[in-house]
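The structures come next, written out as structure tokens.
The same subunit A turns up in both complexes below, where it pairs with subunit B and then with subunit C.
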Partner chain A sequence: MECVFGLVGEGFAVVAADTSAVHSILVHKSNEDKIMVLDSHKLIAASGEPGDRVQFTEYIQKNVALYQFRNGIPLTTAAAANFTRGELATALRKNPYSVNILLAGYDKETGPALYYIDYIATLHKVDKGAFGYGSYFSLSTMDRHYHSRMSVEEAIDLVDKCIVEIRSRLVVAPPNFVIKIVDKDGAREYAWRETVKDSIASSA
Partner chain B sequence: MSRRYDSRTTIFSPEGRLFQVEYAMEAIGNAGAAIGILSKDGVVLVGEKKVTSKLLQTSGSTEKMYKIDDHVACAVAGIMSDANILTNTARVQAQRYTFAYQEPMPVEQLVQSLCDTKQGYTQFGGLRPFGVSFLFAGWDKNLGFQLYMSDPSGNYGGWKAAAIGANNQAAQSMLKQDYKDDITREGAVELALKVLSKTMDSTSLSSDKLELAEVFLSPSGTVKYQVSSPESLTKLLVKFGVNQPATEDS
Partner chain C sequence: MSIFEYNGSALIAMVGKNCFAIASDRRLGVQLQTIATDFQRIYKIHDRLFLGLSGLATDAQTLYQRLVFRHKLYQLREERVMKPETFASMVSALLYEKRFGPYFCQPVIAGLGDEDKPFICTMDSIGAKELAKDFVVTGTASESLYGACEAMFKPDMEAEELFETISQALLSSVDRDCLSGWGGHVYVVTPTEVKERILKGRMD
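On to the complex of A and B.
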């Protein structure tokens, strides 16, 4: 029941992901961060098999870092997306990774971008995208309200609309979400949307 | 005494030299010269053709100039068969990069990658080094126009103007004197042809003894690699007054 979705606005891209780590009927934790900061101006929001998700995104992250160390320049968002897709495609024909990815980035020359990469190495450059059962609701909501060049306020409002929709309509909906944003100033956490806190139990 | 240390590539001499690498550079010193000049709006490569015979069938292939990718070309000096292997390797490396990243390979990364290959032949495997030096000319969006020179040791450097092959030291010092940072592509062509004409052994210069290639941006912004036809080369030689026999005064 993992939910990942994102969209591109005016000079930024925003991605949101649920934060529940689930094993069968057990919720391990409700504050698992599934949006990795790939480099200063890129985010990877990933959903899928927990082991594969961490393994693959860390592998991509380290290769992106290695490129920058070797060559003194960062990869563009498009290059990183194509590299990621290529790695999934190669693994697909041996030991596939069960990971779906939304790659959001900002390049000075080309602005914000969002890439949809699914577990069988499909690559699409998109304005809005989503994975998981939640996508049935978030995509429809985004289709209804999205327009190009949205402001940050409008985009976060749309993200919140999607979260409300998922919470109210998806059976076993994840309680908490994390929202991250990337723009000319870099990739960073924007906010959490929590209904359940993984913290000290309240006293009796 | 150095004879004991020169038959294998993989050992140093007592003085800390790699003789096979040095011998490879000797071989290149006897080969046809090539000159590269970086200008604001393009890179110019000029090469001296050693194989000139009326019987040669020039089917469009070039002796000195090779296109590696849409945005990178090179001039070679040295053993031609070695050059073919390395240019093919460079082409594969460039395409492999584009396959992974869907973008053209930055020029310096391509040069570095090829030089890593060359370095391997100086350290392990027991195979001799390649007897080729390269002048790479290219454009990428990070650094614009660039010129690189690489040699059999696997070392490379970025240059504003460089010469390889026969008389390259004389050519290099002439380039040092006359190169200006704001030189235009046309000025670079003129300078390259003039320097080459002075350092070539032959008594007179004609278009069948030379190759000229330019890397520049078309008006639409795409990188163009152009090898001059013999006719346009002849016109240029006349225009710059370079088609007469080389004179003693500079």
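On to the complex of A and C.
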């Protein structure tokens, strides 16, 4: 029941993901961060098989960093997205990764961008995208309220509307979400939306 | 559901008087869910050769990248662009290489050959070429497309009439197919110019 969704606004891109780590009927933890900061101006929100998710996104992150070390300049969002698609496509007929990815980035020249990359390496640049069962609710909500060049407040409001919809309509809805944003000032965590707090010492 | 119907697609190529037209739908779906309504299925190889790829989107993207690579190398070595017949043979060979683990794509190739003679062909996913003098169709709506094209086609149409015919055939066929549609993308190619047009059809 992993939910990942994102949209592009005026000069920024925002992605949100649920934070439950689930194994069959057991919730291991409710504060698992599924949105990795790829580099200073890129975010990779991934959903899917937990092992593949962490291994694949770390692999992409390290290769993006290697490019920057070797060449002295960072990859553009489009280049990083195409590299990710290439790795997924190469592995597809050998040892496929079960990871769906939303790659959000900001380039000085081209502005914000969001790329939809599904687990069989279909790549498409989108204004709004979503994966998982939550996508049935979040995509429709975004279709209704989204317009181009939204402000940060409007976009976060829309993200919250999607989270409310997922919480109320999805049978095994994840309790907590993390929202991250990327704009000209870089990629950073924006907020958490928690209904269940993970604590080590729970009430006896 | 067949793997060829996973993303949904519709493609036509038609022959006119010293010109050709190639048209596709614009939907990118994941089975029943629509992801994008601006997906590109037709690619320009050079000014007088266009390639349409229907079927699984990830394989269409991989195949397109491999073919463009091969064509660019050909262009560097031969110092000229490929003829449509040659390109079709190359696509067929590339597909048959993967005979026992194929790309799940059906290409449509349309080009202007020597003396501005239009050339169209399609092939199945393992490279069986089908040359035609009038029209070729592929995609999830192929049966409807065959019927519509057979009814509307006349030989030796000029560019404008060809555009009308191919557009009507495409839109009326995709309206009967839930997996393709959301508008159309039409290229009409004459010896002097390439006209690209976007069609607005039923958006559902």
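Descriptive notes on the structure:
Criterion: the second predicted complex is superposed on the first by the 199 of 204 C-alpha atoms of A that agree within 3 Å, B and C clash if a C-alpha of one lies under 4 Å from a C-alpha of the other, contacts with A are read in each partner's own complex, and residues count from 1 in each chain.
Assume a residue touches a chain if its C-beta (ideal position, glycine included) is under 8 Å from a C-beta of that chain, and two chains touch if they have at least 3 such contacts.
Being a predicted model, the structure only gives us computed values, none of them experimental.
On the superposed subunit A, the two partners subunit B and subunit C both fit, without a clash.
For the combined arrangement built by superposing the two complexes, subunit A sits at the apex of an angle of 60 degrees to subunit B and subunit C, based on C-alpha centres and given in steps of 10.
Comparing subunit B with subunit C, more residues of subunit A are touched by C. Using the contact criterion defined above for the overlaid structures, shared-chain residue A:H124 touches subunit C, although it does not reach subunit B.
Once chain A of one complex is fitted onto chain A of the other, the partner contacts of A:V152 are absent, as it touches neither subunit B nor subunit C.
After overlaying the two complexes on the shared chain, residue contacts for A:Y116 are found with subunit C alone; subunit B is out of touch. By the document's definition of touching, neither partner reaches A:A21: not subunit B, not subunit C. In the superposed pair of complexes, A:V37 makes contact with neither subunit B nor subunit C.
Between subunit B and subunit C the least C-alpha distance in the superposed model amounts to 6 Å.
Common to the subunit B and subunit C interfaces on subunit A is no residue. By the touch criterion given at the top, residues 7, 28, 30, 33, 35-36, 39, 56-58, 61-62, 101 of subunit C touch subunit A in their complex. Residues 70-71, 73, 75-76, 78-79, 82-83, 86, 109 of subunit A are the ones touching subunit B in the complex. On the side of subunit B, the complex with subunit A involves touching residues 99-103, 106, 108-109, 141-142. Subunit A makes touch with subunit C in their complex at residues 85, 89, 92-93, 116, 118, 120-124, 126, 129, 135-136, 139.
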